[in-house]
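Below: the structure, in structure tokens.
In this document, chain identifiers A, B, C and D correspond to the written order of the chains, with residue numbering beginning at 1 in each.
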Amino acid sequence: MRIYADAVIEGWRLLASGALDVWTIVLASLRVSGAATSIALLFGVPLGYWLGTRRSVARHVALVFANTGMGLPPVAVGLVVAMTLSRRGPLGDLGLLYSQTAMVIAQLIIATPVIVAVTAAAVSAVPRELRLQARSLGASPFHEMLLTVREARMGLVAAVAAGFGAIISEVGAVQMVGGNLAGETRVMTTAIVQFTRMGRYGHALALAAILVGIVLAVNVLLTAVQTSAERHEAGLR
Amino acid sequence: MRIYADAVIEGWRLLASGALDVWTIVLASLRVSGAATSIALLFGVPLGYWLGTRRSVARHVALVFANTGMGLPPVAVGLVVAMTLSRRGPLGDLGLLYSQTAMVIAQLIIATPVIVAVTAAAVSAVPRELRLQARSLGASPFHEMLLTVREARMGLVAAVAAGFGAIISEVGAVQMVGGNLAGETRVMTTAIVQFTRMGRYGHALALAAILVGIVLAVNVLLTAVQTSAERHEAGLR
Amino acid sequence: MTVGVSLAAADVRHPFRSGFTLDVPRIEVPAGTTLALLGPSGSGKSTLLAVLGLLQTPARGRVLLDGEEVSTRDRRARLAMAAVFQRPYLFKGTVAANVEYGLSLRKVAREKRAQRVEMALERVGLAGFAARSVATLSGGEAQRVALARALVLEPRVLLLDEPLASLDPLLSRRLAADFATILRQDGVTVVWVTHDHDEARAVADDVAVMNAGQVVAHGPSADVMTLPADEWTAEFLGMEPPGHGVVTEAGEGLVHIACGAATEIVAAASYEPGTRVIFAVPPEDVLLATADARVGPLSARNRLRGTVVRIEPRGATWRVVAKVGETSLASMVSRAALDEMGLRVGEAAQVVFKATAVRVAAE
Amino acid sequence: MTVGVSLAAADVRHPFRSGFTLDVPRIEVPAGTTLALLGPSGSGKSTLLAVLGLLQTPARGRVLLDGEEVSTRDRRARLAMAAVFQRPYLFKGTVAANVEYGLSLRKVAREKRAQRVEMALERVGLAGFAARSVATLSGGEAQRVALARALVLEPRVLLLDEPLASLDPLLSRRLAADFATILRQDGVTVVWVTHDHDEARAVADDVAVMNAGQVVAHGPSADVMTLPADEWTAEFLGMEPPGHGVVTEAGEGLVHIACGAATEIVAAASYEPGTRVIFAVPPEDVLLATADARVGPLSARNRLRGTVVRIEPRGATWRVVAKVGETSLASMVSRAALDEMGLRVGEAAQVVFKATAVRVAAE
């Protein structure tokens, strides 16, 4: 049983000592996934609004899109990005394979469908009649969109959280296109895999604790926001 | 651009020739994830029912549980399982590390929260009043549960699909506890990562196509079942 | 024909959703009668129904079935009851499977089940619907299936929670007639929750008016609906608040009640002189006449002078409210009569009613 | 005071949810009047409202505002209208932000907005509510905010889609009075969708009864509500179906109508002898008397013998239906009168009504 205690103690020492290699890895993770989430929001939110306000056929398409896009195996995304950026690939001349940029591209592709799906769900949960009500007061289609997104803002928070959570925990695609280069493309997940396979459980545990902490923090925040919003809206509608 | 064409042709040849190594990998994936999903259902469905029929506090707990459990990074699960099964770990004597059993254990831990959350959502979507109605006709708590699960059966299908989809696409944890041993613990995702890093895009693409096909098939089936159920219930309630 | 059974609750206290506490010291439904629980939404009537129907254990209090204390765990007692809610809440599947549900729970033999299901469906006018999927039913048909699903059990107590409220008025009227006919055939004890006082008046023997978790008025339908205990109940029932007065003379089954300066009414009641009373006259028992009309030989004891203060449409008729002294009295008047009299707001009118029409209670 | 504007639609065809097609060749709302669209759920009344309110472009057809064709893209026309729906559909935020919404869209200056919001809230009885969050409002308050949000725009056309249907009756009655008072102050043109014929009768100048996508009856409220064109409309309005007959004599503004063996009624109308007509008498204009009563000197032209076939409670009064020849006539009778006459189902009665009370139309 000492294995756990040893690992915890070693992990704690690593974190407390501020050993540079651990925090470098954490920062790389946050930088890559943060950038990918931000860019994914630019595409995902307008697309999600469009899908969430359409009816019948388009909505059905959105459902399929959401299910498959969210379920798309990250390793498949990683494979396609790796092929494209490889020396023989169409963008090989840019020399991006095994760079943070490559990782951002892969994570962007993974996060966008999640953000689209969650946004669409949030927007379609705003009653159609609310938009009709706005229209009856003189709102143009653009005003209607503004109002709907405003009403669905909790859903947008959820979209950000879901997208960010999906990619910061992902390991397959970043391995394939990042390559786990120390100080450059080594992120938390790839480092955890490597340290574990090397039997360096202390290092792995320190990073895993931070990763779980980030994911937890995002989810607790999200739950708190949703709960307070629900309480706020109780009695209404 | 020839890189894609080459890979597609090579991948197709591999699949068509029935090259044993490809199909062995697919079978290993299906066996491991199928076993993990089945066992996860045994725990997840009763727990999900329990959470889905409780109110207020317990429901809030369920929400947090669902969000964090589903967002739990698989590499963290892989780390803990790997430590536990490692030679120095408490179950090290069983010699399970780098076996299919280890992979089933890791996937089971990943799939269970997903199944619990989806089941709870499906069960809580069955109106409380329907259970009250059953009770008013003489149903005991056990009868109520039977009826509720029957009413929520589409949600159970979704739970199976979500759980299975989550683990068959997962790569980090299975790498850590399985080890990608050819013919034994090499599954689709680990093989795709390896082949990609080796530049053997044809092999990777063949496996990715099968993986995406499986995920798609599960989701299309799910969507079809849900849509037909929705249509069936239209006008009711 | 079911054998009647009485249902009662005592000392019930239970917090419920809208933040109030249900607080009912005692309520009783005699065997074979219908009690209407009447009140606005959030008044606790559905919670009281759930307590009476053994669907919910109250924080405190007892439920008595034929005088014996029962609880939600008494399966025998629960099997004597059945409920129909505002929405049909049908289970996925066929109509027959729904109607059969309670019978299966009671382990009725398969052949007998089919026969009883067929009879119950016939009774609600849905013969031949057994094999249909519930998804193909209209709202009214679904609600009839819900009724059949309860009636097939031949319950001794039937609990109805706004069974007609979610239907449109045409359907609701048709089904109200059906429900009434069906229930009259049985000796079943019924608790009927509604927020519609016309519905309550039409179906109930007794009425309990609820507000904020309390029963604010309870008694035979005819009394509760005509002598509201307070202003809130009066407004909820669409009536004028009762007048206040003091008995000045009594004798021969009649009392004179002074209410305001120079206004006295005569009522058929027995109270000692000096008693402070409240009184009301049902609008349907009040006649109006123009101020100068010579009201012919009538047995009406009360002929008072008043002023018309409001004229409101109420469906097919008009509701005219006249102020007599300090008391408002309403009268239902047909359009023909209103036209003929040419009554307008602010004009004087004669208000005529019999002593026996006056409802009186000590204050 | 808004300047009146007339609203009309022509040749409208549009499929809608319940599978029917809205098919309205022509409907018109004169300036400053209220049209009630009356019908059961799924009859297309909300769709017609959305078309008239430029909220939905019909598959075919035109909408005319003051005679000019307008469409959903005419911002000017749309800014002349405002709507209130069954539920308040308030936007998250404060009451003031909600009421202000339409004013901001119209680019009204900030100080002027605050002033108009305050006035509108005062008008609906919510002075001082401006800073409150909408989440803290009761159902009735929320619906008033929705009304204020529409009224603050001083619309020339107001569209109301069952604005009171989701409230409980007490609230609904209070708000109905408020709505009526507020609308009467303005010269606004109103389309009011409802499934409640009492509500329609209380608020509307004209009524259009809809069923399965079509307008099955349309005209002044008093006509439509008393002479239903067909059996469906009659049942929907809670009336007896109209009688059928042939004009046998005509002259001096009166016609004699033969309906069944030995039954003839006199009506104030002008039709050629031989014309086939339908007719009805509003229940509130029909008097009943026992068979042996000597009905005194009355100006009523029609005194027929009939048989009581149904006695139904209708709120405070009773609805007694008597069969006269082949025609059923209903009468609203107070309980006092019913008790005095001792009428029972199956007994004979005299049915008395004036010639001017009979509604007649050529068949």
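The working rule: a residue touches a chain if its C-beta (ideal position, glycine included) is under 8 Å from a C-beta of that chain, and two chains touch if they have at least 3 such contacts.
Not measured: the values here are computed from a predicted model.
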Chain pair with the most C-beta contacts: A-B
Chain centre separation in whole Å, for chain D relative to chain B (CA means): 58
Centre-to-centre distance between chain B and chain A (centres being mean Cα positions), rounded to whole Å: 19
Chain contact topology (line, ring, star, complete or other): ring
Pairwise chain contacts, counting only pairs that touch as defined: A-B, A-D, B-C, C-D
Residue numbers on chain C that touch chain D, as the complex places them: 40-41, 168-171, 173, 195-198, 201-202, 235-236, 238, 282-285, 287, 313-317, 332, 334-336, 354, 357
Partner chain D, residues of chain A touching it in the complex: 127, 129-130, 132-140, 143, 147, 150-151, 232-237
Of chain D, residues touching chain A in the complex: 50, 53, 55, 75, 78-79, 81-83, 85, 87, 89-92, 101-102, 105-106, 133-137, 142, 146, 149-150, 153, 159
Touching residues on chain A, where the partner in the complex is chain B: 1-4, 7, 60, 63-64, 67-68, 71-76, 78-79, 82-83, 86, 88-90, 165, 168-169, 171-172, 175-176, 179, 188-189, 192-193, 196-197, 199, 201, 204-205, 208, 211-212, 215-216, 218-220, 222-223, 226-227
